[in-house]
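Labels run A, B, C and D following the written order; every chain starts at residue 1.
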Amino acid sequence: MGHTVREKPKLLARVRRMKGQMEAVERALEAEAPCGDVLQLLASIRGALAGLTGEIVEGHLHEHVVHAENEAERQKAAEELAGVLKTYIR
Amino acid sequence: MGHTVREKPKLLARVRRMKGQMEAVERALEAEAPCGDVLQLLASIRGALAGLTGEIVEGHLHEHVVHAENEAERQKAAEELAGVLKTYIR
Amino acid sequence: MGHTVREKPKLLARVRRMKGQMEAVERALEAEAPCGDVLQLLASIRGALAGLTGEIVEGHLHEHVVHAENEAERQKAAEELAGVLKTYIR
Amino acid sequence: MGHTVREKPKLLARVRRMKGQMEAVERALEAEAPCGDVLQLLASIRGALAGLTGEIVEGHLHEHVVHAENEAERQKAAEELAGVLKTYIR
């Protein structure tokens, strides 16, 4: 059973919280809130997203790369990881 | 009328699209999708979030800093912006 | 007198420290040090660079945007800032 | 022979180029250049640094994690990588 399966309830709770944060941005825009407030909401979503990503990356690295079932799986998981990291290391 | 008010329909459409992307993450986790897929969804949300943030930052800078109604407003808007930038420049 | 002029000795000291950190990367590569060490050196340079950038951005915003000598200067400084921020907000 | 050893001449050339970019920042500050120029130099160093980091991370992942000599080495290299990624995924 994979890490995103084992941690499913916790990960889902975090995603739902982020969806709630997105709805807060929606309400702020609808209510014509000061854009400084909107920017702060967006910055906190970015933080939450990065936290979740970091945790899944770590799980992926540990489980699908380090403890892969075979070399082909390991290679494939490492390539997926390398692709994702290009978004962050820049 | 502020930039987030003038652009409200477009900004709201982008936020709703991101909420939809968050729901795609939720479904992927619920369906126990490969975590490589989850990571790609998260990376695309980060991109969308950054795009929206960049646009609001630019509007904020133009409208509330450059074209502020008075010096006190300008100072206040610049401080808000400086606070937000700390999240991104690191 | 501009902020990068007023703060010149401190800013130069920071830049020279970063040049020293770059030389540490050079020596590590020449000595064929473990690449984990090289990655840590690079991560600390990124941090130092972001710290310096954040400070100059804040000075730029305060001095050339908020306290610009005239509206044309303010507009120009804001555009420069917006251009630079595109590198960071993504 | 490791990737940072095999690629040593190319990696060293990139580090030296970045040292040169740092010296350009030094000269710009000494010459009291416009701070918009300094910010652009700093942004280009950030880009160069990220490019180099991305390449070494990929080499590290491929060589020390995927093709580690044994499980203990693989585990150690993955932990180093996870530590480094915390700087970038945020």
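A few comments on the model shown:
Basically, a contact is a pair of C-beta atoms (placed from the backbone, for glycine too) under 8 Å apart; a residue touches a chain by one contact, two chains touch by 3 or more.
Computed from a predicted model, the values in this text were never measured in an experiment.
The distance from the centre of chain A to the centre of chain D, each centre being the mean of the chain's C-alpha atoms, comes to 24 Å. Separating the CA-averaged centres of chain A and chain B is a span of 16 Å.
Residue positions of chain A touching 2 or more other chains: 47, 50, 53, 57, 81, 88, 90. A ring topology is adopted by the chain contact network, closed into one cycle in which each chain touches exactly two others. Those chain pairs judged to touch are A-B, A-D, B-C, C-D. Within the complex formed with chain C, the chain D residues making contact are 2-5, 8, 11-12, 15-16, 18-19, 22-23, 25-26, 29-30, 32-33, 35-36, 38-40, 42-43, 45-47, 49-50, 52-53, 56-57, 59-60, 64, 77, 80-81, 83-84, 87-88.
By the touch criterion given at the top, residues 47, 50-51, 53-54, 57-58, 61-62, 65-66, 74-75, 78, 81-82, 85-86, 88-90 of chain D touch chain A in their complex.
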